[in-house]
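Labels run A, B, C and D following the written order; every chain starts at residue 1.
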Amino acid sequence: MTLTIPALRARSARRRRRRPLAVSLAVAFLILLTVAGLLAPVLAPHSPDATSLLNSLLPPGAGEHWLGTDSTGRDVLSRIMYGARLSLLAPLGVVLLSGVLGIAIGLLAARAGGWADAVISRGMDIVFAFPSLLLAMLVVAVTGPGLTAPICALAVSYTPFVGRVVRSVAIQEGARPYMESYRVMGFGVLWVTLRHLLPNVMPVLIAQSALAFGYALVDLASLSYLGLGVRPPDADWGSMISQARSAILQGEPWSGLLPGLVVLLTVVSVNVLGEHIGGSIAGKREGS
Amino acid sequence: MKPTQRRRTFAGWIGRRALGGVLTVLIASILIYGALRLVPGDPVLAVTGGRRLTPEQIEALRHRYGLDRGFAQGYLAWIGDALRLDLGTSLNYQTGVTSLIADRLGVSGLLILYSALLAIVSGSAVALVSAVKGGPVNRVAGIAAAVTTATPTFVSAIGLLALFSVGLGWFPATGAGTGLADRLWHLTLPAVAMALVAFGVLARVGNAAFTEELRREHVEVARSRGVGGAAVIGRHVVRNALAPMLTIVGLLFASLFVGTAVVETAFGLDGVGSLLVGSVSRRDFPVVQGIALIAVLLFVVINTLVDLAMPFIDPRVTVGGPSR
Amino acid sequence: MNAPVLSVTSLVKRFGHLTAVDDVSFELMPGASLGIVGESGSGKTTTARILAGLEQPTSGTVTLDGEIVGGQSRRARLRQARLLQMIFQDPYGSFDPRRTVAESIAEPLRLHAPGPAAAHRARVGELLDQVGLSARAGESLPRELSGGQRQRAAIARALGIAPRVLVLDEAVAALDVSIQAQILTLLDELRRDTGISYVFVSHDLAVVRYITDTAVVMRHGRIVERGETEQILRSPRHPYTRLLLDSIPSPGWDLDRVARDRRALDAL
Amino acid sequence: MRVLAKKTPARREAPDGGAGDRRDALGVSGLSLTLGTGVPLLADVTVRVGRGETVGLVGESGSGKSLTARTALGMLPRGARATGEVTVADVDVLAAGRRRLRELRRTRASMIFQDPRASINPVRRIGDYLTEGLRARGVPARAVAGRALELLDQVGIRDPGGALRCFPHEFSGGMLQRVVIAGALSTEPELLLADEPTTALDVTTQAEVIALLKDMQRAHGTGMLFVTHDLDLAAAICDRVYVMYAGRIVEESTGSGLFGAPAHPYTRALLEASPSVHGDRVAIRAIAGRPRSLADSPTGCSFRDRCPLAGDDCAETVPAHRPHGQSLAACLRPGQVTP
């Protein structure tokens, strides 16, 4: 039983403007990770590659290794900090590439309509039919392990994810009377698209990109976990977990669970942030 | 519109949808085949993957992949064989790809169905209860869904492994077991690990769909007519949210397919997923192509079926309208 | 000043096999106000959209200030915009949600009358004043204003271009009675002060009577009756106009008479 | 507010349509509604609908007219508190539990909403809509289909058999509203709450639907509360009319009296603001400001900030309803209104 009561709506709008705690925490965590990754050489307590068989598989909190060590005695905290570099940079590349492609394709499809739209949409359907990780694996099968090829593959794979949303929002937004009112006022299509349509599509795009970032991070970490991603001596969180496999079966799961937890928290944070951006757009759209 | 006329357009619509699906698979297959040709340099080097082969063997490979012919002829030969269920020969195992996959389909298929069932039942139940109850229940469910959606399958796999197999010893850590009961017991942890993401997505999307339907005026109207609570939920809320839910379920199969690769590797299961991972790292290209083709085919078939079911679920879906 | 500012000749618009507008012709003199009356599906809104250049007619012509409208060139587009502007039913939707009302009003000024920013700012102030909006309302986003204020803002934006003709498509239909009256009196004043012409599209005969001199009644895409508004309302000739008129509730409303009108129309 | 509630006896002298001693279809007295957050929605609303009577509830957006109608079925906004008294055919609505309310909605009172397209579940058939209501009322399963056919026939739908199998999107708005009316009257209720039932329809369709509604109401002796923003419509079809502004009733009058001698400045202002097709063409006079909700209206008389007659005394208390001519008006200067 919902009734639209102006006073109520105004209240909830006010509440929405205050940033929820979860969003603040998510932002703080992401900033922390970025700083840790950027300043890893300065901040990391140990060298990420210093092995010590005497100190292997230490649990968290043991002496000078705050988060313990892995099966070759390398410091887990330092490795997580160094791992943040590739783990965060690679999905960022995916998001930027797919964002640019997605905007171009989505806007083109929405504004062109007709057969161009049909062809583009069908193309996006086809790419969509490849699960992103499968496409990445297909590419790795051809090029061998490494990150460049999967990044490109994932960028292509996420283009429909962005492009479809851009297209539908652009069509939806394009059907709103204000687009027509600009045409009546004598403005050209390109001008209206770039100056009014794109800024109104942007928030949705950012929200969607945040989600894509999380998915790409998981996909790339999965690749590394499967031994198909980064090659030693490079390391990301996925490869750390991969190397902890035997330790887990021995009942010493920490060196695998901790980087796993970091992946999890990163993705949750990015999703929370994306959702918040998406939600505040929905709030702005609401209105009478 | 007369009924006969409607029936005719409906048949035409089914035809167009099915044709769209076939077209998607066809173009996807060209991409799968063409991936080999996209490599800079001699594609046969990608196929051999650094193995030492005699020039005769290389020539034989070249011939098998149609690399000695033009792209179109090569593709047609490959897809022609594939249509006859011949997906070529594995470089690594030296046996037919089709039989390699078929041998492992049982484990992977069961795993996918098992986890799909888990995800659909638990996801929709949580979605419905949280949407109807609202308040703290909704918030807790929302957090649970957010966390499970964000948990990479390999993280939940090692987490479950560490806790329930190694730690508590309730479930086996490796192997697929023999006999149905034993197999289900072996597959429970892998299925749960795979189902978590799908559960989260369904719980979220379902919650949004149910909440939206609960707000509809016709739900309020039904209540204003004194229709009982359970009947309102069943006939109006669940019934109307079926369409978006089904669409999501169809799309989730993509994540379940690739989930097998991760989970089978983590739990040491000998299925199609681990075959794929092994073949990618050994650059056993025929196997990779075969599995990719089957995955895409299954995904498109499932989602085309979902599409075709839509007009029966939501009569407003315009049968004559253009495809999405 | 006895040449029509707008004339429409044999306008036809087909969507597939549906004819939305069927052989519609009318003229509008400078400073005059013409009503287009009809129910949903009558083709009145499609006609308005053709006038504004949002739809291309299947056949027939629209002549603005002696020159036939057409062509997609920038010059043609700007000329049409300078002569004719449109007000939509939903004033909220007709503004870019991210821009303040003042920014939205200034935008067409920059396109049609390039000049220094200060001059535009001053003109926006004048326009806001002209439609009875405060400067504070000008600094608000569309969603922060009430329906009536948004419609005033939409009128201000259209007036900025100083068009000869204003097409109003159900412009007061979504407003409360007391607000509707405010907008109607505003429109009345504006026409008196500026000599602008209106094409007022509406389903509401009472509003049309108030705001227009002449009117056409449309049904199924065709004009079934035309003349002076007052004349049409006093002695309707077409059975459909009679039905429309008798369908309007009033004290002593005779529902049987409505049914009789309906039968007379069906018998046609 | 409690003091004002005592004024109810005075209402008896008001232009009631000769109610006699039969129980009323709807009795609302001294109803106040407040959200859990403290936002007031309705204050001291008193409305009566006799059996077989048509009563109008007129107001602009935010006046609380729909809210009042919904309260009669116990449909309060989430977390809202209601005080006062609401009785529908002897059932104390505010005190009734879930089962009693469901019972009331199934048998004694029905409601029709503004948009028929939103009222009927779009993925189920017309037949399902009708049978759902009939089954809820307890009509046996085998009798349901026949009764549904009968109902569709009564509301003037050609080929009722075919209509039962149709989906809502295959029907026009007017036809759908007929189906909704058939559904509402299938329970032979004592009270029909019609919330802007014709606002979404074309003028000519409105006339047809109103004619049907009046016919059905006459045939069943149903009392109707007709909620609308259209003064002319209310005056044309209602025996009595209540005018609402900012969550309060400001005037109660007979349908014809409303036009001839509006007692409250707001009613008069509304009349002067609406153009008319009948009579001579007269200028309209706009009311300054915008309609308010109860939460953001001024102290004392809610209308005083838009009222040309307002004086300092209007700010002191909410004016009590006092008789003036054929009306009861909540105004300190009703005498100065009538020309």
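Criterion: a residue touches a chain if its C-beta (ideal position, glycine included) is under 8 Å from a C-beta of that chain, and two chains touch if they have at least 3 such contacts.
Chain-to-protein mapping (UniProt): A = Dipeptide ABC transporter permease DppC; B = ABC transporter permease; C, D = ABC transporter ATP-binding protein.
Please read these numbers as outputs of a predicted model, since none were measured by experiment.
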- Minimal path length between chain B (ABC transporter permease) and chain D through chains that touch? 1
- Chains most often in contact, by C-beta pairs: A-B
- Message: Taking the mean of the C-alpha atoms as each chain's centre, how many Å separate chain B (ABC transporter permease) from chain C?
- Response: 53
- Note on the structure: Taking each chain's centre as the mean of its CA atoms, chain A sits from chain C at a distance in Å of 48
- chain C to chain D: how many Å between their CA centres? 33
- Query: When you check chain D against every other chain, which residues touch at least two of them?
  - Reply: 75
- Message: Among all residues of chain A, which ones touch two or more of the remaining chains?
- Response: 1-2
- Message: Quick check on chain B (ABC transporter permease): which residues sit in contact with 2+ other chains?
- Response: 220, 223
- Item | Footprint of chain B (ABC transporter permease) on chain A - complex, ascending | 1-2, 118, 121-122, 125-126, 129-134, 137-145, 214, 218, 221-222, 225-228, 238, 241, 244-245, 248-251, 253, 256-257, 260-261, 263-264, 267-268, 271-272, 275
- Can you list the residues on chain C that touch chain A in the complex? 52-54, 74, 77-78, 80-82, 85-86, 88, 90, 92-98, 107-108, 111-112, 142-143, 147, 154, 157, 161
- Task: Please give the residue numbers of chain D that touch chain C in the complex, ascending.
- Result: 60-61, 202-208, 210-211, 214, 229-233, 235-237, 255-256, 259, 269-270, 272-278, 281, 284-288, 290-291, 306
- How about chain B (ABC transporter permease): which of its residues touch chain D in the complex? 216-218, 220-228, 231, 235-236, 239-240, 243, 313-316
- Sort out for me which residues of chain C touch chain D in the complex. 39-40, 146, 148, 176-182, 184-185, 203, 205-207, 209-210, 230, 233, 243-253, 255, 258-259, 262
